[in-house]
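Paired with chain B in one complex and with chain C in the other, chain A is shared by the two complexes that follow.
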Partner chain A sequence: MSTPTLDIQNLTLGFKGYTGFTEVLHGISLSVNPGERVALVGESGSGKSVTARIVLGLLQELRTARIGGSVRFEGRELDQLSRRERHALRGKAMSMIFQDPTSSLNPVFRIGDQFHDVLRRADPAISRDAALERAAAILAEVSVRDAERVLNAFPFQLSGGLNQRVMIAMALANEPALLIADEPGTALDVTVQAQTLHLMRKLVEEHHTAVLFISHNLGVVREFADRVYVIYKGRIVEQGATRAVFEDARHPYTRALMAAVPRLTGGGIPDIEENSPDFGAPLEIHDAEARA
Partner chain B sequence: MIPLARLLAKRLATSLIVLIGVSMLIFAIARIIPGDPARIALGPNATAEQIADLRAELHLDDHIVVQYGHFIADVARGDLGISLYTNRPVTADIALYLPATLELVLVAGVMMVGIGLPLGIWSARWRGRAADNIIRLISLLGVSAPSFVWAVILMLLFAFYLPLFPIAGRISDTYAISSVTGFLLVDTLLQGDIRAFGNAAWHIVLPAFALALSGIGQAARLTRANMVETYDKPYIEMARSYGFPARRIANHYAFRPSLIPSLTIIGLDFAAMLGNAFLVEAIFAWPGLSRYGVAVILRKDLNAIVGTVLIISATFLLVNIIVDLLIALLNPRIRYSQRPA
Partner chain C sequence: MSTPILELDAVSKTFGTGADAVHAAQSISFAVNRGECLAIVGESGSGKSTVANMILGIYPPTSGEIRLDGSVLPARRQLEHRRAIQLVQQNPLSSLNPKRSVGASLRLALDVHDIGASSERAKLVGALLEEVGLPADFARRSPAALSGGQRQRVAIARALACQSQIVVLDEPTSALDVLVQARVLKLLNQLRETRNLTFVFITHDLSVVRNIATRIAVFEKGRMIELGDTETLFANPAHPYTRRLISAVPVVTREEAALRSSLAAGLEETTE
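Right after this comes the complex of A and B.
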């Protein structure tokens, strides 16, 4: 088996604050293979987003953060890379899509100029015209027809769905090996979110991009991911192939999470306990033998 | 760019209304100050007839509304009347003294923006580090004393104890510069006299810096505060996650959006320097509008008072229009808005 694109082993994260040390990740392990779409599912505050930011190397710059364990990207231990090497990965080998496309694009620069900066990460000498041409080609892949107007526009002049396509196009522009999608399109309405996710899926399949997909939306995860990790309070509680986890949820927290999905048939939202002792049950691994 | 033209037209129209209001106000106030301008102008030995003649000539015995009518009619012809202090047209006096003041204020403004903004950017970029703390201390010092205090301190330190700069004046007497624009920095260059230019620049450094110091501090503090807020925005995190260079994030992605709210205040500070310049000019014996202004107020030289105040108001309004246009240029939301900005 080839080296996984992303391999996290026993990752811990804590913050040193005025009131002492708070640990938020208690040793999580997950891996994403080349071209694989892996979802990290959990409630708000479970540690999904900080995991993504550690992979990108953003949290390492925070002086209060204490990070332990190992994060390997394409076989290279991130911790042992120099600042410069780690910085070089960002935007080239790995990129990220954020929750709210409109507020993630700079309001006072044209889309085209921001695209230029993104493309400059891979080719520092690229001219503005060449960048716009390349951007238009990538935008066409996410079904943006009037690329010229979009590139000449400011983010506030475009719809949320269009901005999201721009974000997807930017994220994949430099052909990264790993795409991290942090609750993509959560700020959009459901139909637009579904459309853009469909486009994203099409693109990552074509480009054979590995995806770490972070979400609390089980429906979306079921559609999108090959494998799922369920995270609860800084611990992975269940992992396995998407189908296996959804059809045979074993961990009490996973079951509670699935029960919490609102149904079209009504019946209200079921009570979930804030903190059940069951949720602390040990990790459930589906098809463990295949993973080893 | 039609919206910009419309913005400019609207601002010019409101500025005109403001100017008319200011003229009425200062016209009335100048006449309320106790003392008879004719008697002051003619001196203690004047006869009653001479005084009555001058009062009639100045329309001082008419109703104030009639007087104002005369004044406006004159202004429309570009005539601000004769100064009783210098016996020359007020417009000529202002043309003589205003450029020196404007030159001082403009150089101070360039210092404010050219030093204050980069300090603010560095401060925000190295937030919490030593550089940030030093810059914050300096800018706090800058804003915590008025410009005339800085003028005295700088003069003592760098012109007296450590004579690096000239202590007073605009240029050394050895240079004969014919006045074209009234701005010495421009006139010397027009004359092609580089040494005279250097001399004039050398003279303006201390007074301009004293005038600019509080503005530098204010600009640095504002820029830092707005940028620190901007650094928490999702689009900055996005820029970081794409690995954009830290300097580019600071100078472009974080600075541009932060500049927009700062700019209004910086513009007001800049315009306020016109007023502060009066005291700095007095300390550095700068032959600007201040000495003229103080003299005409003490002599109750009605035309000159009104003229001086109007010119300063007009300059103030002009600066505000420029700032509004700059904001519109920087902020696409305003530039492309069809609604009134």
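Right after this comes the complex of A and C.
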């Protein structure tokens, strides 16, 4: 078995605040293999976004955060890297796509210059012209035809869908081993969202990029991921191959979550509890073979 | 059949003039019957919010008429018109005054519309909260001390406080988690029945609409391109854009995926 791109073991996180210590993650274990698309799905406050931020090494900078457990990236323990080494990973070996593309791009620089900055992280000597050429090539991969206009534009001059594609292209520009996508496309219209997901899927397949996909939208997860982890209140409650989890949900929380999604085929609004003691049931793991 | 509670007759809205004019809504006509839930679906820029704003009287139509119970609504609305048509917005945190307690926000609606004797109003506030499934003592809390679902329930209670007949729901559950969404939709259905309310439900979420609307109006680029009852529209969408919209919805079951791909297959035939 090859080394997983990302291997999280028994990760805990707490915040020290005025009112004492709040524990947010209670020991999360998950792994993403090279080229694999893995989804972490849960509701707001479940701990999915903080997990992503720990992997990127962003929460470690926060003095009130207490982090335990192990996060290994390509076999290296993140905790043992210096700040500088961790900084060097971001944007190069791992990158991230955020929910709202327009606000995650810098509003006062042209897209082309922002691409130049991103490419310089991998190759500090790259010239502006070479960067723009490379940028145009990646943009073509996300079906942006008039790359010249886009590279010359400021983010506010482009539509949300176009900005999202620019974000995806930028995130993949340095051929990262791991892409973290936090609710990508949630801010977009459904037809644009469907198209964006399709492009992103095609691109990560071609580039053999591992993806940790953070989402609350079960439908999007079903379409995108190979494997799914369901997170509830800082604990993983169910994990397995996407098909297994969707067609044979075993944990009471996963079942409730699935049942709560309104169906395109109708059937009315289901009667579901927002909270139940059953949701605290132990972890359900599907199939050993999908974990290879 | 009786007079529709709300009618739009060739309603248009144009922002700006000359070459810069934006035709946000173009000759929209439909009628909403008392007690139904009419959904307006479309993507951003389709004109669905423009139509909602005109129904609410936030701005008047450039041309055309909006009738409430058969009588034309004036550009400048009277208190009684405002009372009849109320709004629930997407984000309850920004629609509730953060410096007012929940009870004070509800009380204000009762005071403005002079509902109940002033000595009774505190009791009415409690009753409203209980009607939307919250404990009466939530009146003392500030909106910041509530969860998203609880806030949206307060926003619904506020819309009901002035005994409205029509509630315009603008993406009321898009900001909520899916378990909370199910509960709020359930509550809306129940209120529509017990209070004989009429809903105009603005959303982009077709799976929600499929399960709550009696009829659906599909908007694209300022025009209404299709209107039909929910079952018929999903069984046989006439317009290619409607098919495209339905087949883009992310789904969770095989049955839904099958429905989607059958619509997408039809789409290719029509576009060729």
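Simple rule for what comes next: the second predicted complex is superposed on the first by the 279 of 292 C-alpha atoms of A that agree within 3 Å, B and C clash if a C-alpha of one lies under 4 Å from a C-alpha of the other, contacts with A are read in each partner's own complex, and residues count from 1 in each chain.
Here is the rule we go by: a residue touches a chain if its C-beta (ideal position, glycine included) is under 8 Å from a C-beta of that chain, and two chains touch if they have at least 3 such contacts.
Everything numeric here is computed off the predicted structure, so don't read it as measured data.
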Looking at A:125, would you say it contacts chain B, chain C, both, or neither? Reply first, second, both or neither. neither
Check the residue A:246 against both partner chains and state whether it touches chain B (first), chain C (second), both, or neither. second
Determine, under the contact definition given at the top, whether A:43 touches first (chain B), second (chain C), both, or neither. second
Could you figure out whether chain B or chain C reaches more residues of chain A? C
In the superposed arrangement, does A:194 touch chain B (first), chain C (second), both or neither? second
Regarding the shared-chain residue A:263, is it in contact with chain B (first), chain C (second), both, or neither? second
Give one of first, second, both or neither to describe whether A:218 is in contact with chain B, with chain C, with both, or with none. second
If I apply the document's touch criterion, which positions on chain A are contacted by chain B in one structure and by chain C in the other? none
Footprint of chain B on chain A - complex, ascending: 56, 58, 87-92, 95-96, 98-100, 103-109, 117-118, 121, 154, 156-157, 170
Touching residues on chain A, where the partner in the complex is chain C: 43-44, 160, 189-194, 216-220, 222-223, 246-247, 256-258, 260-274
In their shared complex, chain A is touched by residues of chain B numbered 233-235, 237-244, 248, 252-253, 256-257, 260, 330-333, 336
Parts of chain C lying in touch with chain A, wherever the complex brings them together: 43-44, 148-149, 177-183, 185-186, 189, 204-208, 210-212, 230-231, 234, 244-246, 248-256, 259-260
